Amino acid sequence: MTTETNNKKKTLRVGMIGYKFMGKAHSNAYRAMPMFFSGAPLQPEMAVLCGRNAAGAEAARAQFGWQELETDWRQVVARDDIDLIDINTPSDAHLEIAVEAARSGKHILCEKPLAITLADSRTMLRAAEEAGVKHMTGFNYRFSPAVKLAKKLVEEGRLGKINHFRARFLQDWLVDPEFPLVWRLKKEIAGSGAQSDLGAHLVDLARYLVGEFEEVIGMTETFVKERPLPSEERGQSGKDGTDQIQRGPVTVDDAAVFMARFVDGALGSFEASRSAPGHRSTNAFEINGSKGSLRFDFERMNELEVYFTDDAEDVQGFRRVLCTDEAHAYSEAWWPPGHTIGFEHTFTHEVLEFMSAIAEDRQPSPSFVDGVKCQEVLEAVERSIEERRWVNLSEMAESGS
Amino acid sequence: MTTETNNKKKTLRVGMIGYKFMGKAHSNAYRAMPMFFSGAPLQPEMAVLCGRNAAGAEAARAQFGWQELETDWRQVVARDDIDLIDINTPSDAHLEIAVEAARSGKHILCEKPLAITLADSRTMLRAAEEAGVKHMTGFNYRFSPAVKLAKKLVEEGRLGKINHFRARFLQDWLVDPEFPLVWRLKKEIAGSGAQSDLGAHLVDLARYLVGEFEEVIGMTETFVKERPLPSEERGQSGKDGTDQIQRGPVTVDDAAVFMARFVDGALGSFEASRSAPGHRSTNAFEINGSKGSLRFDFERMNELEVYFTDDAEDVQGFRRVLCTDEAHAYSEAWWPPGHTIGFEHTFTHEVLEFMSAIAEDRQPSPSFVDGVKCQEVLEAVERSIEERRWVNLSEMAESGS
Amino acid sequence: MTTETNNKKKTLRVGMIGYKFMGKAHSNAYRAMPMFFSGAPLQPEMAVLCGRNAAGAEAARAQFGWQELETDWRQVVARDDIDLIDINTPSDAHLEIAVEAARSGKHILCEKPLAITLADSRTMLRAAEEAGVKHMTGFNYRFSPAVKLAKKLVEEGRLGKINHFRARFLQDWLVDPEFPLVWRLKKEIAGSGAQSDLGAHLVDLARYLVGEFEEVIGMTETFVKERPLPSEERGQSGKDGTDQIQRGPVTVDDAAVFMARFVDGALGSFEASRSAPGHRSTNAFEINGSKGSLRFDFERMNELEVYFTDDAEDVQGFRRVLCTDEAHAYSEAWWPPGHTIGFEHTFTHEVLEFMSAIAEDRQPSPSFVDGVKCQEVLEAVERSIEERRWVNLSEMAESGS
Amino acid sequence: MTTETNNKKKTLRVGMIGYKFMGKAHSNAYRAMPMFFSGAPLQPEMAVLCGRNAAGAEAARAQFGWQELETDWRQVVARDDIDLIDINTPSDAHLEIAVEAARSGKHILCEKPLAITLADSRTMLRAAEEAGVKHMTGFNYRFSPAVKLAKKLVEEGRLGKINHFRARFLQDWLVDPEFPLVWRLKKEIAGSGAQSDLGAHLVDLARYLVGEFEEVIGMTETFVKERPLPSEERGQSGKDGTDQIQRGPVTVDDAAVFMARFVDGALGSFEASRSAPGHRSTNAFEINGSKGSLRFDFERMNELEVYFTDDAEDVQGFRRVLCTDEAHAYSEAWWPPGHTIGFEHTFTHEVLEFMSAIAEDRQPSPSFVDGVKCQEVLEAVERSIEERRWVNLSEMAESGS
């Protein structure tokens, strides 16, 4: 179904469902890729943007530069002139759209978490596999050049055998107890809190860099247990009987901590919190292997710190590697050494991977398989919290779910 | 001459002369601005790209997304349907293009250094002023959110009276003595070395943040005095009589150091080098005032370090401020707190400033006036080196040039 | 029993049992205190050093500057002219010496861990309490000025309610698989590995700064399971039947990870490892509270990083506080601001605390009570590992042990 | 004249003139050396402390642990039982004491700056050379393990040819305009300001690490030109006619900036200030060579950052080397890797060098020769400021002074 433009570049026509934070990030990636990766075998074409709120969606369409607007995702999925469906709606809508898109033979890029439940994510994967389409989960942090370097160092054995992985994703927007009770803080809508929002990224990075999980155990806490109702949900006065602002219960976690053992014997330590003052978005990890270590912090995403045990004895120390050199992934597309890139570029690289995979007729990495496996770990942690015990990943096997 | 699109957004049609490193950066800015600053009163329209090499320019046009191609800049400048000329050619071509563009009534965005000589830059400014067009010099580093915060802190008096400005712009691509003798290393073509390439940015930042220069004195050095001729310039064998690779003399500086006294009494210390291993592009400065200090390093461009003397006695220390909060310039256009931006974004902000200035019928900042004043300082430093003495900026006054 | 010197300073005569790493650190503290804290109400007098190996102990005595030598600790404990017994032998000897010292009415400074088992540590505490002597456990890291500042900020409520404590103590001397099987790697002698050696410090800092533990769960791993026998333990050839160097099993952990919930609701995350390349001795922690955060790394022990949520909106960020100002603990004894101190100074401050406590007739902090409580946590973690379940600290209550 | 103690260790009996900041630092070094460097061929014996104020000096004697007190330095210098004179009085007294000590055949350790003028420092050197005694200048920063590593890397050619040296010594105690007009701020007593106090250390480090200076030019500024008289110097009311606190003129510089060219072609950039908020004592430098770079900041004195151009292409970056490993200078005397030392330890190493030099019958490094050469540079800078021109070091040759 790929079309050829007059300059003979093959393009894939994209229909994007959702247009908020992630929709903006994805749109920018589709805009940037043809310029910065003009040599790619396939380029995205920003065909249709879809949102239920016609006014908001039209504003986004015009701002982001999509050709057409739809307000019903089923229309988009059904269109013959669309090759790829990009899903970045709230998580609870992923399942239905993805399954339908697969049935319509569309390739699918779906934001993480893949679905609200492990079972749903498996349904999505099955649908995509049965339809024979390409499927990708939006774990964008994999596409930082520094993370790519980390992957390369691990794969080439330059860190030796991995013994430790410790990671934390810390934010601080929930520290203020007067921050209102938005939908993300209600279990019935959001499913979970920091763990699925932030922890999901850590789990994917761990799988990407270290390997599969063997067993996990976790704990969570909600530090602020009641919050003011959003103004639109308050009664006429906005006050309760004692003349206080009306409050409601927070039903998801503010923070989650968990430990893991990896199949290959490494120990994992994880933490996700939205109540860590001073951390706007610290997505950081460290790996210790038998021959060296590395560490990363997304707030300084262009840097990777690396240590090798075989450096000369008098000059051993963590090196701050600025990943903008020719030797680093994606650098040829951007700017000279020392000229950094930002958050949004991870999505451009993600789209590049998807376009390349489709052109090469292979599944992209990370695919829905990675989305499902991430969900297995998250649900295992959840079970470990409920049952206050170690949960082995084998318990999450399909028959057992 | 501004046109209205069908959605009633006013646009300015841009003709860009040059398409290499800076042409790419500018093109990206023109592409990004309508999406990220959709509310701006004027938007750029990527009308014509111009380059002498038709094949190369056409490839760039297609890649960057310009509507049309021209190979003769005079054609572009003469066109009635062009509102703004963007000049990012090699520096020696700035003068002629800018003067012609001004005469044709076009607004002008010109890369730094404004011209090869102070006299030329003054000619350009005069032409622009006489034509009544808007003119801007491309000192993009001003447009980092962290630099904007620095400016705000200084202007609000939160650092008190400024006593010290120290700055350095360090790169390392000339450390390798086998790096070839490219045109940038020949005085007849490039005019100068690290000083005008890197030092120009430091001088502009100093003027922006501290104020005008009173007097300067400097020194320069060329550490690698001969380099291999580029392969295309070598004779048939590429070797000289002793069977060595042919080499030629480097005629510009590898590094420059200079001191300055500012009109308001602050002391300035400056250094520019392309021979500083480990520094890919360290554009860094520190300001010390009577009430506090701040410092910036472009390799970590999202951060500003700030110190206040009136912090509580037991918790005084430099704060690492990640300039991605609501309180920081441009943040509303980009991503949530903690999600960083990169080098290219400075150009997007630069274009926003130019579009806003035109819409508001004022000169942008930095204008050609800033380009000229920067050149005054650079040429004063040059004279101080030749004559081995302090040079007062009053000596650079127009009558004295 | 305190004596008066001719300059009327009261002194306490110390008998020190042990003279290796900790003996050296303690000796330096006794030497330094009279000079740097000359105003203290009591000063130590380096009376007797005791070690079983006469030659080694005499060398240490002469080097460290003790007045007399003994080779039998019972003789030291029995002497009438000794006021304080300092125990820094291998851990398995603590119990007997401490109990005997208490019975002889001596004050006791004992290195951590207080004893090999929780039960033993309780016996020690009981003996000291029954004898009415002063008792101190050597958790020296409490006495870093930066840790004292952390304590002050927490106590004054400047961080608000504590939500997170995360800590790690990482070293790398066991990464090399050819490092020999020293006694510290044998369970029968050392009791435990990284957990009791390094983790004990983290547990004490957590209790000091956050409060008591509610429940814990942990895991451990031994990455290198066999190591070469030390040369003195090998057979004549030093080789086994296959002509390999003889190896023996490592019976303690290389690394331990555990999670905790504190009584006041904070979440704790802990990690201790001797297999983390690049970390010579990273004893680091971070606290997140409702009003701010702080963090510390012993490799930069003069610094505390602090963040406050109520800083002005545009300049929020972690401050690097160099804890050498007048406002910081102990600074008046040392050097001007900006002139740092080192590892050994923590012991000088520790001895100051003990001397002050004795002079003021109060128990020092940390006392044996803190040693016992730390042991409770360590043993709870150990049980949690063996039984693969959460262990509540109430299970460690004396009746339950 | 060296004596033997009963344990056969040779000792040198020290007479110390002065007992304030430096007297305290030196005393600690004499106390620490026998314990930490017990194997040194010579040990200092703290024989006599001398100070004009009998009460103050006696208190210091008792506190620091000197055997005897003298109040007339001539008495100390004349004593037969003294081997070494340690001079740490105010600078204007150095000349007379040092010359007299040399004539009495005593070895001399003199604090920097060696004297108030270059001529005086030369007189001191001549006296010491004629007397055939050993002489040392107290440039203690040379003795940081990290600086020793820097020296080693340079000497072994691991940085290649040195192109850049940039250094700054920043403090902030003069930022407050109400800080009183102490003697250090009066030219007639202190000679000079930040330049001789702080800049002297930078000049010595530059000579130590890079080599001799060729030419210099500098500038200075006094930001706060009047300060309150110290309370003891005010009239009865402490107010002037307008009821203001009495103020007097500051006659030394608050800050100095200078540039230098080294004999071997490197460029030098220097800055010393006591008006740089946030810098308690930032004594920092960076060296760029043809094969690598290194940098140091005394506020993190245990660390050296090092970069090599021949590191693998994908992992190039500055390494943070914690200089506490076996491979680093002095580490065997102190603590295990990762356990840091502080400011005072530089003096212990300095005394070790002096004792070793005397035992080996060689001049220590740095000797008075280094003190004189430092003074040559400082006085050349001073002349360059007065005469507003470059000054070549050849102008400072003895005949020219």
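Per-chain residue numbering starts at 1, and chain names A, B, C and D are given in the order in which the chains are listed.
Rule of thumb we're sticking to: a contact is a pair of C-beta atoms (placed from the backbone, for glycine too) under 8 Å apart; a residue touches a chain by one contact, two chains touch by 3 or more.
Since the model is a prediction, treat every value here as computed from it, not as a measurement.
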{"item": "Pair of chains joined by more contacts [C-beta pairs], C-D or A-C", "value": "A-C"}
{"item": "Listed chain pair B-C, B-D or C-D that repeats interface A-B [over half of contact pairs the same by residue number]", "value": "C-D"}
{"item": "Centre-of-Cα separation between chain D and chain A, whole angstrom", "value": "55"}
{"item": "Centroid distance [mean C-alpha coordinates] between chain C and chain A, Å", "value": "42"}
{"item": "Separation of mean Cα positions, chain D and chain C [Å, integer]", "value": "36"}
{"item": "Residues of chain D engaged with two or more neighbouring chains", "value": "279, 308, 316-318, 322, 325"}
{"item": "In the complex, chain D residues that touch chain B", "value": "161, 163-164, 166, 168, 170, 172, 175-177, 217-219, 221, 223, 254-255, 257-259, 261, 265, 267-269, 271, 273, 275-279, 288-293, 307-309, 316-318, 388-390"}
{"item": "Interface residues, chain D side, partner chain C - complex", "value": "7, 21, 25, 27-28, 31-32, 34-35, 38, 62-65, 171, 173, 279-282, 298-302, 322, 324-325, 334-345"}
{"item": "Touching residues on chain B, where the partner in the complex is chain C", "value": "149, 152-153, 305-306, 308, 311, 313-322, 325-328"}
